[in-house]
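Okay, so chain A shows up in both of these, paired with chain B first and chain C after.
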Partner chain A sequence: MNKDIVIRTRGLTRYFGAKPAVYDLNLEVPRGCVFAYLGRNGSGKTTTIRMLLGLLQPTRGEGAILGYDIRALPPEARARIGYLTEDHQLYGWMTVRECGAFQSQFYPQWKEKLFQGILGHFGLKPEARVKDLSRGERAGLCLALTLAPEPELLILDDPAVGLDPVARRLLMESMVQLTRRSDRTIFFSSHQLADVERVADYVAVLDHSVLRACCSLETFRNGVQQVHVRFKGAPPPLPKIPGLLQVFRKADELRLICVRYDGATEQALRALSPTEIEQAPLSLEDAFISYLGDRGEKSLIFSEPEAQP
Partner chain B sequence: MNWNIAISTGSDTPIYKQITDQVRLAAAIGKLAMGDQLPSVRALAEELVVNPNTVARAYTDLAREGLIESRAGRGVFLIRKRRVFTREEGWRRLEPLIDGVIGEAMAMDFTREGLQDAFEKKIRHWKPEPEPKSKA
Partner chain C sequence: MKALIRKEMRENLKVTLVGLAVLLLLILVTYRNYAWTLKNQFFAQDMQPLMGNGVVSMLSFFCAIFGGLLGWLQVWNERHRDLWAFLIHRPLTRTQIFFGKTFAGLLLYLLMPGLPLLVCILWVAIPGHVPAPFEWAMALPIAAAFLGGIVYYFAGMLTGLRQARWYASRCLGLVMAILVSIGVMNSFEFWHGLICIAAGIVILGTAVWGAFRSDGCYEGQPVSGKAALTTVLGAGLALIVFIVMLLAIEVAFRGIRGDEWSRYVMTKGGAIWNVTSKSDGRSNVRRLVVDLDHQPIPEGKTGGLDQSEWQRGEATTSSIHLPSPYSWRGSESFLRSYRFFTLWRVSSGTIWYYWRSQGCLVGYDLTTRRFVGSLGPNGFSQTLPSAADNSHHSVEQSWLSSGHTLATSNAVYEVNLDRRVARRIFTSDSERILAVMDLEKNGADWIYTLIVGEHSIVLLDPQGTLVWKQPFQAPSGWFEDRLKLSSLEPADQYAIWASEIVRTNSPAGASPPVLVTWFGSGQGAPQSVELPALAQSHEWPTLQKLLSASVPPVFVAMTPLLDGHPWPSTIPKELLRISLIVALACVPVVWWLGRRYHFSFVAQVSWVGFIVLTGIPGLLAFLSVQEWPARESCPQCRKPRLVDREHCEHCGAEFPPPEKTGTEIFEPAGTAQA
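What follows is the complex of A and B.
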């Protein structure tokens, strides 16, 4: 029962003026997993991460990271957390080497060899000035600075942004490598569903400041189903179907995308006397797009905080 | 062993299932023989750049089917496939695949005879699994 949770929030909320950026967030991230934090731009992902790290005060609610209250993170807790910011903040006047020397002071367990190795992968010269680096090189440097201490908890805010496909694959390889130590946890936000599909154990989906899914990747995939319902002639008008996200109407067929397709959904469809009902697989990207689309029910949440990776 | 698993993201098929499908196919057509060693969970995860839990999940499924066996300290090996599905269940799984092939073939204007010939040829090509040396 006493599962080791490295990030836990209860009712975490942050307003900017009258507008909530994150609303009533309940999140649990088990130790040792790779956790993908998803949502459209402006859905509140970065605000969440900034609150988790104590960089932004919550309006209400609470949170704990590695067992510490997020409102009072001591330096020894921060030294166990690696944080990659979205905007790759660096001092322009420093050289790459100086960045490493500076960062290493905050992390007693800094691994210089690992730092050099990642720099090498990105083709970064230690004597180069930060202000002369390209966007991709800055991203590579930030990644090296974040990974070099082999932090117990890695929080990456959209790490793939600005990376070319080769660099992105390097990032993925680094993340898979990090899972060698089973006590290491990675929490990352992303728009790259291919990356999420590769590395994530869990996904959480934030939609307009509200958490709408928090479950294993597999549960999410199984939870969003595509169903083809065929008829002799033109399909009848569709009654209210529980969990309906999208409908495509064809000459003699309805294609539905539903959340939690189950006996009740099938019964509702059978009542239309179709000739055939067939479930069809859906890619993660299509599932995600349907789930966050403008249409369909909005109140559905998958939640299984006690699940094992 | 001249055989590799390749996965693609963005597919309708989850990655763990791409792995199980490919191992099953390789075993069925003889690209993997009984006793062949498969990469460890960790090695395959790093090679494919996927979460090790995904590979572990695939291997668990294959082990449950009796296709592979994990031997402590030695690795993962292909073993003789026992029949784990009843005939009925097997047919339930096979039928949609056959329907798919026939549907595609009809859509491309293959004749019934052409399709039957192609099936025959493929079946003749198919390499049966080698028999175990000793009857278990």
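What follows is the complex of A and C.
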């Protein structure tokens, strides 16, 4: 295995009953990057992560993480991987201090100073019981428990889900500030596109269990483009355009969102005799929503114009 | 792993303390009841609380419930998906996690209930606490109850781990634990029960270990884990299928249970009737009663004898216990106090027992609860007899003995507890004495002593005078109920029944003829009659035939062993044949499913072998454990293919990649670096 690839899957597939949750996933995550794993609810993000960590057996296909087969991860591999779960579940009866003491005994390279630092960052008292912590505080404690062993690979399953904006920002900033290191890879799934835009180098997008995009953030942003096509009257029917995601039809204008707007696409649009073709910027959030939203044409004309007196 | 053990101990300490409180309460209530019994002099056989049926049952229930709950909680506390992931993602192997949890759980179980039970046993062992004989072997029933709880501990753990529905196969581990308990309850020796418990622990423990390796699924387990899980489910289903079949037969097929059987009974007047009972399958038993000349007994207006009339007329008949030719079958179970001692009687503030291992009577003062002394052939002593003294005292004392005599292998002594003396009234020089029974008139006056020797039966009066003697041959085969005594009216009249197998050692098989001898005061010489053998059907009852269809053939084949019969000559062949036919009928189902899901040849043959041995329960276990993968149509050959294979099993084609939409955005990894 290439030493610069920390996660690699080939045809990784998982069925639940007759329904594929992840289908034929081919993924490569380079070392040292922040890799965002995106998709709508139920698209297979958590299933992928659980398969990567050997918590769920794949139906077929294979995968390796830090060079180890995901079907039989040895303890030494687990010691190098930090995993932050979605619900930030911990033992409710433990205090914050006890959680740290429990976790530290499994990791010889435990950094107590880092642990205490993150606790301080989140304002967590060592004697507080886990069951009494707010969701944001619990997330902070989980982050501290995950980061203090200094893992080589950090896998975060939607770490900010359910947090209020302040807690979310605190968590993401801590994560980036404290973890960003050239030799550390962060693989995280998220719905928070602003966070993704701020921290990710790479994005992978799952759509209905199938990987549809895996590229740098920049490539994704550039790949999804918006074009306004204006006409003198009502726009004509649109021919088949490769990579078309969505079309919004107005009275005298078509707004197209498509993947890879190139010469061939422009030529197809020019054949409709428009008065103007104009490219417009698209935020990552809009690009992502368009990419994963319902495909096809939508009309923005909801009623006939009122008659002039 | 130490951190994990500490965490488990701490996490489950609360439930352990609650369990301790409950156990202490139960022990307290038991002690209060025991003290009340002593105070009010309601003496019974369970004067030794370690051997009391109620105490052992209560502790067995407690250990089973607590063990099961502890095991279940140890897993259930962490069954939330993310918490389980937090646990499993330790830098430990799953086997280490299993051992860490199990070590902590068993340590807690050892502390509670292990420690309190040990304290209780030690308390009973200290003289002055319990006015009854004590041997360390008397603690074995409680040890069995305690060890049985470990089986439930693993069963609880498996129930928590299994990825199955509660109403389906999830709780079958607990059913198997119940089967183990049934095995222990029916064990004669402690080590028999220990084998049952050890087997349960090994099988359930392996199944739990396998479940830890695969998050509770069947797939992904090592072969030993799969085999153990399948055994657990098979055993649990065997019990459930048996019960369901029994209920179904009771409800739906009652009409076809027309079983018929005959037996001799004796009336209180000393007449012998031949009673043929026939069940019509609806809980009604019709009896045809004839005398020995085949004349029907005069009927009332109902045309037969009703139940109360029947009970009033039949003489009380009891078996006389003889030493068994089977060393482990003949004695009492290790769970029963009769194995160690028999409550003799209470006399002048002293409670007397016949203590088997000492071969003498022992007395305990009811006030101080301390040992008073022993009374045996050598008279009274304030100590227990030495090993040399008691070596020849090995006669089985009949349960019905009213406590006038004490027997050794060659002599019978009259015992006077008030004066604490033993007087020899009978000596046997030529044969060994096998059993002795004192006979009383109206439940009080001692009128006879019946002595069963190897070659004769002797009746003595209380002065030791011979009343009559009858030839007799001690059994070498199966003996149960072969020597019986009927108490007649008037109260000093008796009849003794000896069946052929006892008298002549005739080979088993045909129903033996019976010799009946009447004797009693004022009758002169005893009269005897030889009864002809009763016609005995060699057909198994319909109910058992139907039930055997649901029982695994391997169980049917092993049943003689449970009763101590010689094996394999006594295997019920007809029942085994029915069970095997049903098992073989299940094989095509397994074969077809195996081919449909493309099992390996070894797997398919193994499953077929398992089904042949286990029948319907095995088939259900097979259906329960398998996780049937979905099938999709192969785009190349159009046949349904399994989704868990890399290639189509029909044409070898790979799975097609996802359909392209034209919106894919891919670039090689490493294009962008932070």
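Note that in this section the second predicted complex is superposed on the first by the 289 of 309 C-alpha atoms of A that agree within 3 Å, B and C clash if a C-alpha of one lies under 4 Å from a C-alpha of the other, contacts with A are read in each partner's own complex, and residues count from 1 in each chain.
We take it that contacts are C-beta pairs under 8 Å (C-beta built on N, C-alpha and C of every residue); 3 or more make two chains touch, one makes a residue touch a chain.
Quick caveat, the model's predicted, so the values are computed rather than measured.
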First, second, both or neither for A:169, with chain B first and chain C second: first
Touching partner for A:271 - first (chain B), second (chain C), both, neither: neither
Dominant toucher of chain A (residue count), chain B or chain C: C
Touched partner set for A:234, first chain B, second chain C, both or neither: neither
Partner chain in contact with A:93 - chain B first, chain C second, else both or neither: second
Touching partner for A:283 - first (chain B), second (chain C), both, neither: first
Touched partner set for A:212, first chain B, second chain C, both or neither: second
Shared contact residues on chain A - chain B and chain C: 34, 180, 201, 218
Complex contact set, residues of chain B against chain A: 9-15, 42, 45-46, 49-53
Contact set on chain A toward chain C in their complex: 4-5, 11, 13, 15, 17-18, 20, 23-24, 28-30, 32-34, 50, 53-57, 59-61, 74-76, 78-79, 81, 83, 85-91, 93, 101-102, 105-107, 180, 182, 201-202, 205, 210-220, 223-224, 242-245, 258-260, 291
Complex contact set, residues of chain C against chain A: 2-3, 7, 10-11, 80-86, 88-93, 96, 214-215, 217, 219-220, 629-630, 632, 643-646, 655, 657-658, 661-674
Contacting residues of chain A [partner chain B, same complex]: 34, 169, 172-173, 176-177, 179-180, 193-195, 197-201, 218, 221, 280-285, 309
